[in-house]
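One structure is given here, and the rest of the page talks about it.
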Amino acid sequence: MSEQTQLIPGNSLITENPEKGRALAVKMARLIIKITQPDAVAREKMRPIYANDASMLIAIGQTVATEFATIAKANNYWK
Amino acid sequence: MSEQTQLIPGNSLITENPEKGRALAVKMARLIIKITQPDAVAREKMRPIYANDASMLIAIGQTVATEFATIAKANNYWK
Amino acid sequence: MSEQTQLIPGNSLITENPEKGRALAVKMARLIIKITQPDAVAREKMRPIYANDASMLIAIGQTVATEFATIAKANNYWK
Amino acid sequence: MSEQTQLIPGNSLITENPEKGRALAVKMARLIIKITQPDAVAREKMRPIYANDASMLIAIGQTVATEFATIAKANNYWK
Amino acid sequence: MSEQTQLIPGNSLITENPEKGRALAVKMARLIIKITQPDAVAREKMRPIYANDASMLIAIGQTVATEFATIAKANNYWK
Amino acid sequence: MSEQTQLIPGNSLITENPEKGRALAVKMARLIIKITQPDAVAREKMRPIYANDASMLIAIGQTVATEFATIAKANNYWK
């Protein structure tokens, strides 16, 4: 993993509100895929595959839900 | 992800009661699928596929359960 | 999702004991499937499929376990 | 689900020690499969299938791990 | 499950340090597979299958991660 | 598992910041795969398989998310 790769934008789990926390969850999930498959062309080739596969879309939802659980707790649920 | 996309309706995890928290979990899970596959026609084409596939229906249940765990905690279990 | 659909029977996560909490977890998991596939005939057609597929039965167990974790915590583990 | 079905033996998550908590996790996972497929003959027919399928054995491990997380917490990790 | 089967070595979730906690997570995951498939020959036959299947290796990682979450919490993260 | 195998680099879950915690999650997930398939050649052979399979990339994301949840909590979310 190169020095430039950023796994967590801003190096923080704290966000202003739930919506931004949710966007961070999506971003963090995507960045793991990016470091596992660093080739942008290869990633682009997979996009129409998962975007049209119900099963994979559900699995993406599962991963985002898990990331979001951590972010929501870090932010004390924005209460 | 466009500015208009709303990942969490009302930008809050707090709901009046468990039923509404559950509905929010379903909605949040669906909105992740929506930003991953923004084409409404493509999403509609997948609906009869997952709605008639026991395996996918179970997986949807798993994702909703994970989202709901976060929402329930945010609401202190509506106690 | 119609107004009549009830995602959480009794609109509460609180149950008298662990057994009833477990039954609620099963019920809540089933109700997510019901709102995703509202056609009772279609659901019935899938029953012999998942009931005879070891892989799907295990996946159902996983979903119930996740729902139960939330319910058990809501009830402070019935201690 | 019939009145006689017992989803949680002893109707309690509290166990004497971690070993017994782990056994309860296994049992609870199995009882969900039992209520979903109540036919003992059908369940027996599936046993050699999942017992010789690495993928299913791993999935069983995942479900037990999730059940155990709840039981361990209920018992304050037997500390 | 025979009396001799040990699901948790030492009947405790407490370990000296994170490394040993991680090893316990691996061990606990393996012992669930062992009680589900008690035949050592059958288990050995599956080893080259999952050890050369990326998908199964990832699934093993998921199960260990879930077991470890419980062990880490039991040990208050070794802080 | 040999004495030299290190499941957790530094034998600690504590990291300086979220970014380093995330990198530890990735590393810990990989080390589980390494002890399950100790043959480096076999692991290298699988790399192009999972790196070009959307479904496996999503599953890797799920495992990292679960590991990260534990690490983030151990670090009190770096607050």
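Going in written order, the chains are labelled A, B, C, D, E and F, and every chain counts its residues from 1.
Convention: a residue touches a chain if its C-beta (ideal position, glycine included) is under 8 Å from a C-beta of that chain, and two chains touch if they have at least 3 such contacts.
The model shown is predicted, which means the values in this text are computed figures rather than measured ones.
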A correct list of chains touching both chain A and chain F reads none
Under the touch definition above, the chains in contact with both chain C and chain D are none
Field rot_deg for pair chain A/chain C, CA superposition, rounded to the nearest 5 degrees, holds 120
Residue numbers at the chain B-chain C contact, same meaning over half shared and different meaning under half, come out as different
Note, CA centroid farthest from chain F's centroid sits on chain C
Whole-angstrom distance, CA centroid of chain C to CA centroid of chain E, is 28
Averaging C-alpha coordinates per chain, one finds the centres of chain E and chain F separated by a number of Å equal to 16
Rounded to the nearest Å, the gap separating the Cα centres of chain B and chain E is 32
Residue numbers in chain F touching two or more further chains are 50, 55, 59-60, 62, 66, 69, 73
Contact graph of the chains (line, ring, star, complete, other): ring
In ring order, starting from chain A and passing to chain F next, we get A, F, E, D, C, B
Listed in rising order, chain D residues that touch chain C in their complex are 1, 6-8, 11-14, 28-29, 32-33, 35-37, 39, 42, 46, 49-50, 53, 55-56, 59-60, 62-63, 66-67, 69-70, 73-74
In the complex, the residues of chain D that touch chain E are 17-19, 22-23, 26, 50-52, 54-55, 57-62, 64-66, 68-69, 72-73, 77-79
